[in-house]
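Note that the chains take the letters A, B, C and D in the order they are written out, and that residue 1 is the start of every chain.
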């Protein structure tokens, strides 16, 4: 690997990512605003997986994208490795983009239908000028192998793949830059139960091997319990409960958590 | 001016047989190889003990890039100066199908179709069949170059408007709207008055009026893709706007734009012929279907045989482009879904 | 060769004539305005001859003649520096107001007022020093010089003063105000026909004016039907919708021999004085065309016989110069230029335009402004008017022949307005034009005199001291033999110097409804002279 | 909705200004101005001084932008000036040419819509039937026939060879002597050939469009549901299929409007039809600046307004459309 996470670390004890009083708003057409994320504060340590659960439309996705600086933040701040991300400019921002990645819910939409798998996975490398030609191809193949994909798929178009394969391509694209932090936005909700288990296992093994930090967004408590060290429960843009996974899921304090829990079938 | 604005787009998404491409390929072959079909010099001939390829060389000069390197064959070195009679009669020669140059005056003026002149001759005694074949070169050249130019312009404007949206989009959309409302006829007069008449001017004129079709389409595609997850993904790993626009969004917009451009070639052929009809097109003596149509119109009572060749030629080439467009649409759409 | 019935004169027994008939004439385009001093096209002239009656008119041979309906007498003073025109008594305008010498004086003042955009009417009257009304019937002209052309200079269109004077106060241009336009579109004249209606884009209707003092014309109404298209016109004639139309050479030669045509119509032909020519830019900057031997060679290379055969269907005649053989100057004795490519090639060789064996074109080393030399290819750009049917064909034939002798002809089709602008600015190599000779040979001054480069139509920029002098002599002398000698000399000079190469002269080609009689032709066609349409008639059924 | 309409109108204003400004500048910079043209058509008086005087008379001596300002200030008061060519007011000239063009376009559009609904509807309801198949091929073939080629063929065959119908102008020579019904008949005869050239491409396009849209609707769940409720075929078509197919038809008509109104120059020249296309052609050739500008404003306004009206109609018919 070309970049060792340890090199970039300023302080091994400090949290990798911290959000303080984060607010995200959308302006409505015809005036007025709609608050998607309303004053959220939390931290994610190195190597930790934080689960973010909540029902649809509670602001999970907005929060995840705000953390990565993909949508404008209305208030509060996010610091990544001690640096506030909204102040990042050009070259520093590009470095941050390399270290934090996003895995999508709907891989069918997140993969460009007109690019082949190889090009999709190699694109981040090309953007960052990290590898070209043969080196890039080798790295792409390695990454594909890492996510459990047949290297022969490299010349396929996304629409020629199954749902699970697509999801793995999506993960491969996120991993190819060897990031320290991943926002997994409901990465398994669009695939069948069987594939889901396999994918979750893959994500977990990838995290352990490289000591990555995850923000694992899901509305599926079973998946959360399988993946997460800590869990945050979100409702209407606020975090209503935050704690160790076992504690929150076995002994929910907030009514919303209880409600979520009762709706989930157990494995 | 824009009869082509009413194009026919059969249902989307059906796979089409590649046979639909056949007419347009034939048309392109005729356009490229017109001198092999009709010319006053042989394709191959032996002269003074050597082999020469006069008509072939002329045809080669129609080919972009290669044409620039080809020089006329030696015994025929004066461009078009040497008539058939200069070739010694006994020598071996492979002649084109029609042994007349499209600009050549024969002894029979306004003769109806005959064995010597399959489609007759016009008022100056030029072979109509030869002119019809050579007219395809002008039409196709204008059609293709106009659409390349219109495509470049339309894609650039549409991409900028669609990618940035907001203020940019507002202004550029107004520009597109304004172009549509603009009096095309005057644009034509102005361009011709400045640039002078010729293929180049006609290409510019057509491109300037037709680019909006592509621009609107590309803009809509870009707007649609702007919020797509794969664009967000590219942003998330740090791709620059230019990178995203060129590498991720453009290919998606290019496919439908190409379909529009293929249909646009038919429109351009139509407009070129229309301009020639109004006597604003490619100047004489170049054989152009619109010009033939105009002179047929003027002589329709004394020489009705002149009417049909240009009419059929325009119809067939437009039809060929439409069929190719239908095929392309069928090829491209399943991919997009 | 014209059918005798066509020219049958009006019978003495008036009862044989249908005096209530309508004559339906074809109009190729609408007139710009029905105001005689603003008029400038042939279309406009058609109306001038019917709605207005000038004191002086042209007969069928384009001779100067007093109008018997208007003029009592015209007397030139002994010193030839002034003249008096006496109008007939009791003349009136169509609206009943008296037609007086005041109207004539007023009209001259309007024509000379440079706020009025008169494109043609000022030519001639501008040679007068003054035009005044002595009394209601007497007009006095004074001249700047004693010239034989003065009798033409006193011939100009006349406006009704009582109608235009109030308009003029608000709108001196006579064309920019509501009132002026209304008057220009519903004119009041003094001719044999008065204006009835103008349906824009469709027709203009005139009706016989019963109080006309001259000879009463036979037709009660004349309807001008706007028909720009030649096919439509011929078809309209064959379906009995119009009574006459000019024909194109093609129509005359190939489309009017069928039974359908013969059942309805007859053809008429006469020689005309319109000549097609190629004008060369003789100014120095135009390396190729400015050389006199080159222009002569270009004359030899013009295949006039083929052009007449293929373009003009054998109906035109080779032209020798600016003067038609049947005009007062002709025949000038100038030989027609033979078509001879060999001669042309030799001439070019002698002039130093030599053929390059590599590519076949001719080249010449020409000195440039900075002292070095430049290799120039023999060739020129021929400007053509957009929409012309014939000039591109002439250019085509010419191009083919010139290519054979290694000269490159490039054609450039320009819109009418741009074509004119280029000629006017001298920004051209060569152009195809047409010249219609008038009754007065002095008209060529405008095309040939060096002063006309700046102020006339000498577009080629031709300047020859001898021609200038001879033009001056021709203009000044009253001796008819000497005048003719002057113009013959000029014709020969022009042939030698070749600022113009003449192509062919056009005949008048016409078709008439079978029942139409009394038609005679002048060099200007069957209508644009006196009496013209006034003598046409149709028999009572 | 009123606010939406108003906003759309306000957005159209700068577009219109832009169009007029560009046209004005282009028209004035193009070679061959009317003053030079007048000078060149005169026998004498071609000296530079005389030319300058002429330019001043045509008002061409001031800078283009100043002239544009002056023109704009007059246009705001609906004064389009007078034609350079014949001095008549531009408004009157256009008003005279509007009915032939507009009438032809509207009648053509209406006939095309009727044909499209009849043929396309039939083809959709009986998809795969012989009408459907024949109409499909015919529409495709017809849409590849340029209008002016069709015009020419009609003139040559119907007009000249058969001599059946007049093909030039809008009325016969003797129209003045006709009775009112005769005149109407005469008008119809003159408009028939050029009318066909207007109708057939529109009809071909719209037929195909209606057919495809209705076929989709006919195969949809709610039509099946309606059938299941026991509605007859006719009721289904009238109550469900037609309204749903008409909606996109309206938009398409809006998109076709500019072409229908502005695309007639060649045809009008070919048939000597005294409409706006012919006027534009003549004005452009004569460099009649005021008329060119007047026509530009009018056509641009009509096109902009046309799209607006179609959008509004669309909103009225489809309650789901929001004014966003």
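As a convention for this text, a residue touches a chain if its C-beta (ideal position, glycine included) is under 8 Å from a C-beta of that chain, and two chains touch if they have at least 3 such contacts.
Here the structure is a predicted model, which means the values were calculated and not measured.
Seen from the Cα centre of chain B, the chain whose own Cα centre is farthest off is A.
Chain B and chain D, compared by their mean Cα positions, are separated by 26 Å.
If each chain is reduced to the centroid of its CA atoms, chain C and chain D end up 39 Å from each other.
Centre-to-centre separation of chain A and chain B, using mean CA positions: 51 Å. Chain A and chain C have Cα centroids lying 88 Å from one another.
With touch defined as above, chain A holds no residue shared between interfaces to two or more other chains. In chain B, the residues that reach two or more other chains under the touch definition are 189, 193, 300-301.
In chain C, the positions touching at least two other chains are 231, 415, 418.
Every pair of chains meeting the contact definition is listed here: A-B, B-C, B-D, C-D. Across the complex, chain D meets chain C through its residues 31-34, 36-47, 50, 53-54, 57, 82, 85-89, 93, 96-97, 155, 159-160, 163, 166-176, 272, 274, 278, 285-287. Residues of chain B touching chain C in their complex: 77-81, 103-105, 109-110, 123-125, 189, 192-193, 196-197, 279-280, 283-285, 298-302. On the chain C side of its complex with chain B, the touching residues are 230-231, 234, 250-251, 254-255, 306, 309-311, 358-360, 386-387, 389, 392-393, 395-397, 399-400, 403-404, 406, 411-413, 415, 418.
Chain C makes touch with chain D in their complex at residues 24, 32-33, 40, 114-115, 117-120, 122-123, 126, 173, 175-176, 178, 180-181, 184-185, 200-203, 205, 223, 225-229, 231-232, 235-236, 239, 241-242, 415-418, 420-421, 423-424, 446, 454-457. Contact residues on chain B toward chain A in their complex (touch as defined above): 228-230, 232-240, 243, 247-248, 251-252, 255, 335-336.
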